[in-house]
Each structure stands twice: as C-alpha cells, then as structure tokens.
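Quick heads-up: structures coming right below.
Here subunit A shows up in two complexes: once beside subunit B, once beside subunit C.
Right, the complex of A and B next:
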C-alpha cells in the first residue's frame, strides 16, 4: 500500500522545519536542507514513519522532494 | 587460536594549528565556526620537510624498543603517493622506473633491523587501510603462527598545497602503528569485515555522508554476526573522528545509547586519516572505563568507497 503523498511531503516539511508550501515536488533538497546530515535524519524519520527500509544507494539518487516521495512509495510496495 | 592487538602508538604532524589558522591558510572548505560547531578544534599537519615515512618511523620507534623481531610488516597508506619515497626526479632524468619503487616498508624494515620480517603494502582502501592491515595480519598469524608478532601501521601526510577538509571533516597528518600478536594482550581481534562499492568511486562529499550510515551499520552487523553476536551486545563503538552529527545518527540506527560511541580525540586531532579510530581505542584503554569482556566495534569508512569494521574483545591482560 502506498503512503499518501501529502503525508510524506508533510513529514518532510516537518523534519526540515519548512512550511509545507515551500516543499514542492520539484523543490531541490539542497535548497531546503541545511546540510546532508539533516537529509540523513529526514530519511531515518521517513523510514520509521512509513515502515519502509531504503537500500544502500537510494540516498545517492535523491535530488528533489519528488524523488523522496517516489522512493517511499516504491519501497512501500516492494 | 586467538589473535590480539597490542602496542598502539601514534605520531602526529609537527605543526599544530587551530581551525581559525587552518581556515586562514586556505586549508578548509567550511568556516572555522562551522568546524568548531562540528566538534573540531585543532589539527596537525606536517611541515615541508616532514614526510609520511618520518611519521611512520616515529610511530614504530616505541614498538621496536619492545620487539627486537617481527615476522612481517603490513604497511598501509591512504594516498598512493605515500607508498613511495620520492624518486620522481631520478626517473625523469633517467627513464628508469626502479626509482619509482623506493618503498617505505622496505626502508622501515632496514632501519629498525627487522631482518626476519617480510613486507606487505596495503593500498587502495583509503582511510580503512589500517583495518585492512589488521585483517591481513590476523589471517597471516592464523595460517603461519611463526610470524608472530606482526607490525601493522598506517602513515600519511597530505601533499603540499592540499586542503585539509574531506567530507566535512578536518584532517590531520599522522601515523598509527600497532602489533598483531598471538601473545595475550589488551584486545582480542575477533574479526574484520569489509565492504567495497566501487560504483561510488567518484562520490561527492554529500553522497559519501549519505551512504556512510547504512554501510557502516552493515559492516558492524556483519562482523558481529560472524563472531556470533548481536550489535546490541556491543559495549563500545569506536569510530573514526567525524563531524559531531554522525554519532547520534549512528547510535540511533544501531539502537544503541549514544554514550556507547567513543571518539574523544575529535577536537584535538580531527580525522587522522586511517589512524584515528585506533587512537580512540588506545584512549579508551587508558580511560579505565573498559572492562574485561567488553565488545568493541571499530568501524571506519573511506574513499573507494570502502567500509570496514573490526570487532575486538577487551581482555584482562595487563596494558
């Protein structure tokens, strides 16, 4: 079952301490995360929140919020 | 047969400077304030005349005073240039490649009169090279016990003009040496696990950070499993010196309290290339906090990308 997109985006915004309006699908993660450690923390939160487990190299391919949402959905169904 | 690690000694670059001085020298990408916030305070660099071999000699001197004989020397370098001792000018003049094969391990063997020792170079494992050396030494001793003890070391200095920040870490030049032995000593070496992902050869700093955690958890879990333990049984995790954000994240992923991570030399040394985890291990040994039977994981990540983790068990042996 896939996670509601809005929930994933909302959680990303919460972890990154950004208004939801500033977190769009095409938003570059580098533009809203102060550093890569915050991104790692965000991924851990998403894994725990949505019961998914990312693979080793998944994070290296994350560039936009949409990439993160798609990855969560992909891992939810795999 | 049981293999032990003993005699950990360190040598540092001869110039100590604080983060402000490092930034003023153009040696960092981050500001001094960012480095301070990340837990770094000072680092050590070699003056122009100090070589990686000089560092190696300094780290090995106290070991040579204790051991008249070693059966092998396993000499790890992170930067390929530190695995040779000059000769480029002679090669350019003559075209003779033998000038490019002046090996520091051979020089060390001769200088300390370790006549019975053969030498092995460990390269291409970046900052994980010393753990690679420990793994080789352990395997050698299990196969050929007469080699006991084996000298392992890592020695690197950055070339002139190099930046001293890698993947958000302030770096120091230095060397660390130790022995791997069959004689009961402070730490039993239960095993070493190593993962390489060559597809990440050109990883950016952010990709290096992004992949650090999952691979580090994997090597910790694997080395524990091979020895019949669960990572939850670890009393200590003694990592390389990194950005202060790393420890809490790693502890959370492993499900361990953060105070089981032990890296007290971050502020003074920064990231001592391949040696800082063993410096932290020696510090833990001296701290009085270690108890006989404690399980200690020593994970290190390096370019390549490589991740290794050694699993050790503290013994009741005297220091």
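Right, the complex of A and C next:
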C-alpha cells in the first residue's frame, strides 16, 4: 500500500519546519534543510511514520523532495 | 580516571578495528588541538581556549543531534537511552563552559562542529542502525581524543577534572550504542551492521585527518606533548 503523497510531503515540511507550500517535488533538500542533522531526523521520522526502512544504497539518490516521496512509496510496496 | 588502555580493552563493536590501534588515526574526535593554556604556566592560552571551545561546540552539536533523534523515536528503550545521551552531551557542554570560566576565559563561538563535517564525509545514515553505527565510531573517536588529551603533561586541574568527568559518561555512550547495535543484528543482519560500522570508520579517518590538517598549528601541541608523555 502506498502512502498518500500529501502525507509524506506534509511530514517532510513539518520536520524541516517549512511551510508546505515551500516543499515542492522539485525542491532541493539542501535548499530547505538548515543542516544535515535535520535531514537525519527527517529520514528516521519518515521510516517510523510510514513503517518503511531505507537502505544505504537509497541515500545516494535523495536530492529532492520528490526523490524522498518516491522512496517512501517504493519501500511501502516492496 | 579512564585510561586509554581501559578503553582499548573494551570489546570493539562487531570486530571493527579500534581507532586506538590505528597508528594513522592520531587522535580521535571532536577536535584536536590543545591546550596548555592558562595564564601562568603556558603560552598556549589562545590555542587551549580554541580547543576547549571546539570540544564545547562539538558537545552542543551532539546534544542537538541526539535530541532530534530522540524526538523522532517512539517511546521505548532506544528513546530512553537517546534522551539520556543528549542530556549528557548538553551537560558536557556546560562542563566545558565552566572549565573555561575557571581558566578565566570565555568560550569562542565556533561556526562548524566536527559532526557537521562527519555527516558530509560519511553520507546520510539510512536508518536508525546506521545512525547508531556512526555514533559508535564517533564516540570512540571522542573518548580517544579526550584520553589523548589527558596524557598531556601539566594539564590544568580544571581541564583534567573535566576530561575525566566527561569520559565516564562517554564510556556509557559507547556501551549502550554497542548493545543496541548487537540487538539490531537480528533485524538488519550482522554483516550489514559490521559493514556500516566499517564504512563510517573510513569516513571517520578521513574527517579526522582533514581536521588535523586544517588545524595543525592548534593541535600539534597536544599531539607532541601527548606523544612525548608516552
């Protein structure tokens, strides 16, 4: 079962403390995360929230919000 | 006081190499540099002030990092230990502030903590196991650095006292993280956990070498003094 895209985007916005409007699919994570610690929190939070687990190889492909959403969806169905 | 040999005798997580046994990793942790400091006995005042401020900044960053992790966890044993861990790190920052005050100086505001470079080199941890793997490597780096600092002759009592006090907590940090990683081996696979630890150890050596190189003038004193004390 895939996670509603809006929920994932909303959670990302919440963890990064950004308005949802500022968190678009093509938004670069580096542009909205104040530091890498926040990204770690986001990664852990999303896995807990949506019951998925990311693997090491997944991380290299995470550049935008859309990448994160796609990863959550992929892990939800795998 | 926790001696380096005591640390080295600890069981290494997942058979990973110990930073203490690696001659290329001269010191560990948060920051290098050193000290001498103090008013009357030393001409290294600025250097020591920088190093102790570096430690302090690293501890603050550690507290914030583990605080974020604790917040992201559901209530349970891991969150409990993470909460304990970030409380310790915050206290350590306070100890360094108190130490600097006792040495009649003030902390420097340093922009970037050691951990910031760490994640840049190691890459983003993918899951909680990887976060703990990088933590285990980092904590060993820290305690080894503090142990190395303790071998510098004629340390001010305030510095010795602070290092010793913090190292007691650091030993618990290493212990709980090691146990958590062992517990996670069943879920993630022992080989996967070991591979993560080794990957982060490589990153650790890279960052440490870069840090030493960048701050060579500040750290050479502690390296030289500690080396001559052995």
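The rule is short, and it goes like this: the second predicted complex is superposed on the first by the 78 of 78 C-alpha atoms of A that agree within 3 Å, B and C clash if a C-alpha of one lies under 4 Å from a C-alpha of the other, contacts with A are read in each partner's own complex, and residues count from 1 in each chain.
Following the convention adopted for this analysis, contacts are C-beta pairs under 8 Å (C-beta built on N, C-alpha and C of every residue); 3 or more make two chains touch, one makes a residue touch a chain.
No experiment lies behind these values; they were computed from the predicted model shown.
Novice: Check the residue A:24 against both partner chains and state whether it touches subunit B (first), subunit C (second), both, or neither.
Specialist: The answer is neither, since A:24 touches no partner chain.
Novice: Of the partners subunit B and subunit C, which touch A:60 in the superposed model: first, second, both, neither?
Specialist: After superposition on chain A, A:60 lies in contact with both partners, subunit B and subunit C.
Novice: Where does A:45 make contact in the superposed view: on subunit B (first), on subunit C (second), on both, or on neither?
Specialist: second
Novice: Which partner chains sit in contact with A:36 here, subunit B, subunit C, both or neither? Use first/second/both/neither.
Specialist: Once the two structures are laid over each other on A, A:36 reaches both partners.
Novice: Would you mind checking which one, subunit B or subunit C, touches more residues on subunit A?
Specialist: After superposing on chain A, more of subunit A is contacted by C.
Novice: Identify the overlap between the subunit B-contacting and the subunit C-contacting residues of subunit A.
Specialist: 35-37, 39-41, 44, 54-56, 59-60, 62
Novice: With touch defined as at the start, can you tell me which subunit B residues reach subunit A in the complex?
Specialist: 168, 197, 199-200, 203, 205-207, 209-211, 213-215, 218, 243, 245-246, 249, 252-253
Novice: For the complex, which residues does subunit A have touching subunit C?
Specialist: Residues of subunit A touching subunit C: 15, 35-41, 43-45, 47-48, 53-56, 58-60, 62.
Novice: For subunit C, which residues are in contact with subunit A within the complex?
Specialist: Residues in contact with subunit A: 61, 64-65, 68-69, 71-74, 115-116, 119-120, 123-128, 130-131, 196, 199.
Novice: Along subunit A, where are the residues that touch subunit B in the complex?
Specialist: 35-37, 39-41, 44, 54-57, 59-60, 62
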